[in-house]
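Both of the next two complexes hold chain A, though its partner changes from chain B to chain C.
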Partner chain A sequence: MNKKGVERKFAVVLVAAIICFSLSVNSVQAQDVATGTATATVLTALAVSAAQSLIFGNIYQGVAATIGNNIDASSGIFNILGQGSAGISISFALPQFIALADGSDRMTIGFSSTDATVDSNNTTPATVVAGDGWINVNPNLLPAATVIGAAGQTNVYLGGRIYPAVDQSAGGYSGDIILTVAYNGT
Partner chain B sequence: MRKPFIIVAAFLFMAASCPAQTITLNNDLVFGSVFPGIPKTITKYSVGSAAEFHVAGISGSEISIQFALPTYMHSSGFNIEMIFFNTDCSIDTLASPSQTSPLFDNLNPWTTLLYRLGSAGLTIWLGGTAIPKVVQPPGSYTATIVLTVAYTGA
Partner chain C sequence: MITKWQICRIPIKGQHLFTGLLIAFFLLIGHVKAGVLVAPTVVFMDEHKRTGRITVQNPSDEPREVTIRMSFGLPTSDSLGNVFVNLQDSGITDIKAATSWVKPFPRKMLLQPGATQVVRFVARPPKDLVDGEYWARVVVTSQEGKTSLPSASAEGQISTVLNMIMQTAIMLKYRQGDQVAHLKLNGVEASQEDTLVNVIVDLSSTGNASYVGMMHCRLYNADKQEIGYRRFDLAVYHDLKRRVTFPIASYTNSGPYSFELFITPDGRKDIAAEYLIRGNDIEYSVTVP
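Our next item is the complex of A and B:
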């Protein structure tokens, strides 16, 4: 092969090398993309309802009346629905009096430190037992360890006492009892 | 005249041997069970729950790292807000990377990050926070996290 032929061959190889190199360089500088996923499973939302009011019925002026937390027909009953076995924080906002609808008279109401029962087995006020939850606890300081029952429901039963005055106006009295429930993340 | 051919061959080999960078997803960002109304944070140190990506390529080369982060997870038309704070990312370029004590910590996943690949590449971790509403409908929520890496040439 003469000198010209060798030079031509060299030139061809050189061009090929440059092309290969540029392709290689391009592949090195190309980007790569990966796609990950964020996932979460949201549990059942809480739902609270007042299944039954705390009912004192007919009372006499000057005669205090008490309703226990274990009376199916009269105890206040609240139902809490949510994720089974989840920890919850619950608290009552209890009234200090109940009043006539027009506000013209009111009557003192009180709650003792044993007036509430928390039932995680979804029984009834009259049939709940200690193993079902927390019996006769303070409605102003409900148990911190309260959980939704395994079946997805917990009930709270509430009793109380009213103190009508001797000159209490006749009529229907009422007051709001508020139960607030929130998951505590446990 | 053989010498130039040898040089060219070596040059070709060197150029062809440079590998492109590749990303491997080792772990998704997994929040697990979330209670309605209770925000849940997965830290970048959380093994098995934080997102983990591994980037392989030419040791010593600088790469740019850029996330495209979601603002919501979705499920059947419902959303959960997501938050990524400017310290939610970490990177380790050591041969034996440590998720709980990474070489580069508290990085901002919202900015383009520039790091050099270690001898075994580099590993990236990402944490985040989910903010479910009090009335968040139950279900499985998902979102896509996109990671793009590229050599910078530096």
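Our next item is the complex of A and C:
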């Protein structure tokens, strides 16, 4: 490899190292990094992940089951990572029913107007408090003022309840919970 | 040489830069347990460069099924200044929508753990496209690649599985001819309610491109001391009302308060300078009644 090639590789590694150092402080905020003659404007990525599904556990015919949005082991948990303090628009598309794979039976699932919590301080469902974000809000109308936390992460916690009928067919029921995230300042 | 890679401007070749960024991404995603990562958060295309690209990466330990679709959704607001982005997949009537003539490739993929996929966009705009900026949303949907059907652990039991599906909607902007970004301040409503000062800023974009900038808001007490500061990333496509709230419980009886607004295209670090269309500044102040 010629000298120019080595220098170029070194520059890449150097820039990557600087970027990685910035990220290692748990921030994905856009930033300018200057070193020698190389300047990089690294723009923000956006990542949405489901850390945990909404877990109802064992269900019995005729017995409704409720999971709060404040249970570390069973609340639904979404993580949103992006530019710290940036405004985001978030919305749920929630099912009204969950169904057997063959569609032969279905079960009602419901979400109340207090089943969601938005946490901008990266705590947990059980430990989040009002100062961390928006507690017990409507999952069908999440707060318009939602921002990604200053540290680059916001979590959304979701509770809900299911209503098995007394003659509910046994088997495995499934449904989709969709969370959509968009920056509202770009 | 300045690379064409959209999320950086570094005087090195694109492939080396890509390698470097991938290293950075892999370290970043140490913080991500599942889901996919999408970058950049805005895609820019124009009449000279009718292709664009985003990178989708699966940082999780499980395969992810990823689909890409074009949609439409601008930041809009209600009368109270709450800002929303409502995605619209059909019945789009906005003449600035690029949804129908920008196509993503590929549209569906299965990303193995740690895998990265570049998604490209190709624009085929109408021939008589008027100068200006046109918009679409790129919706990246991901879910677990192996959908496990729930099975009851014992006869007669009922079990449930709720598939958590994640959608990331990022903006795509296509620019034709000359673009102008200009913002008009329609009005400011300021009011005091108990321990809060609420301000609604009413804005309209009057250029043929979106106005992108920063909104700085300051609240002063009767002694002209700053007692509150808020800063927002601002993007105005048509009309937008933006609410700003200041808690004043700690400053009771220090009014009358005054609100100061400064909007500028400067200060955005999430968009590379070469993609910013510089619009006008706006300064305004009002006494809170």
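Note that in this section the second predicted complex is superposed on the first by the 142 of 186 C-alpha atoms of A that agree within 3 Å, B and C clash if a C-alpha of one lies under 4 Å from a C-alpha of the other, contacts with A are read in each partner's own complex, and residues count from 1 in each chain.
One rule holds in what follows: a residue touches a chain if its C-beta (ideal position, glycine included) is under 8 Å from a C-beta of that chain, and two chains touch if they have at least 3 such contacts.
Since the structure is predicted, the reported quantities are computational estimates derived from the model, not experimental observations.
By the document's definition of touching, neither partner reaches A:V137: not chain B, not chain C. Once chain A of one complex is fitted onto chain A of the other, the partner contacts of A:S89 are limited to chain C, with no touch recorded for chain B. With both structures placed on the common chain, the touch criterion links A:A116 to neither chain B nor chain C. Of the two partner chains placed around the shared chain by superposition, chain C is the only one that A:I59 touches, whereas chain B remains out of contact. Judged by the touch definition given at the top, the superposed model places A:Y183 against both chain B and chain C. When both complexes are overlaid on chain A, the residue A:A45 reaches chain B and chain C alike.
Which of chain B and chain C touches more residues of chain A: that partner is C. Of the residues of chain A, those at positions 13, 20, 24, 28-32, 37-46, 83, 86, 182-185 touch chain B in one of the two structures and chain C in the other. Every residue of chain C that touches chain A in the complex is listed here, in rising order: 7-13, 16-17, 19-21, 23-25, 27-29, 31-42, 59-60, 73, 75, 78, 82-87, 137, 139, 141-143, 149-152, 155-171, 212, 231-235, 243, 269-273.
Taken together, the chain A residues at the contact with chain C in this complex read 8-9, 11-13, 15-16, 19-20, 23-24, 26, 28-32, 37-51, 53-54, 56, 58-61, 76, 78-79, 81-83, 85-87, 89, 91, 95, 98, 101, 107, 144-145, 153, 162, 164, 168, 170-186.
By the touch rule above, chain A contacts chain B in their complex via residues 6, 10, 13-14, 17, 20-21, 24-25, 27-46, 83, 86, 182-185. Of all the residues in chain B, the ones that touch chain A in their complex are 1, 4-5, 8, 11-12, 15-16, 18-25, 27-38, 40, 51, 53, 55, 58, 70, 73, 75, 80, 82, 126, 128, 130, 132, 134-151, 153.
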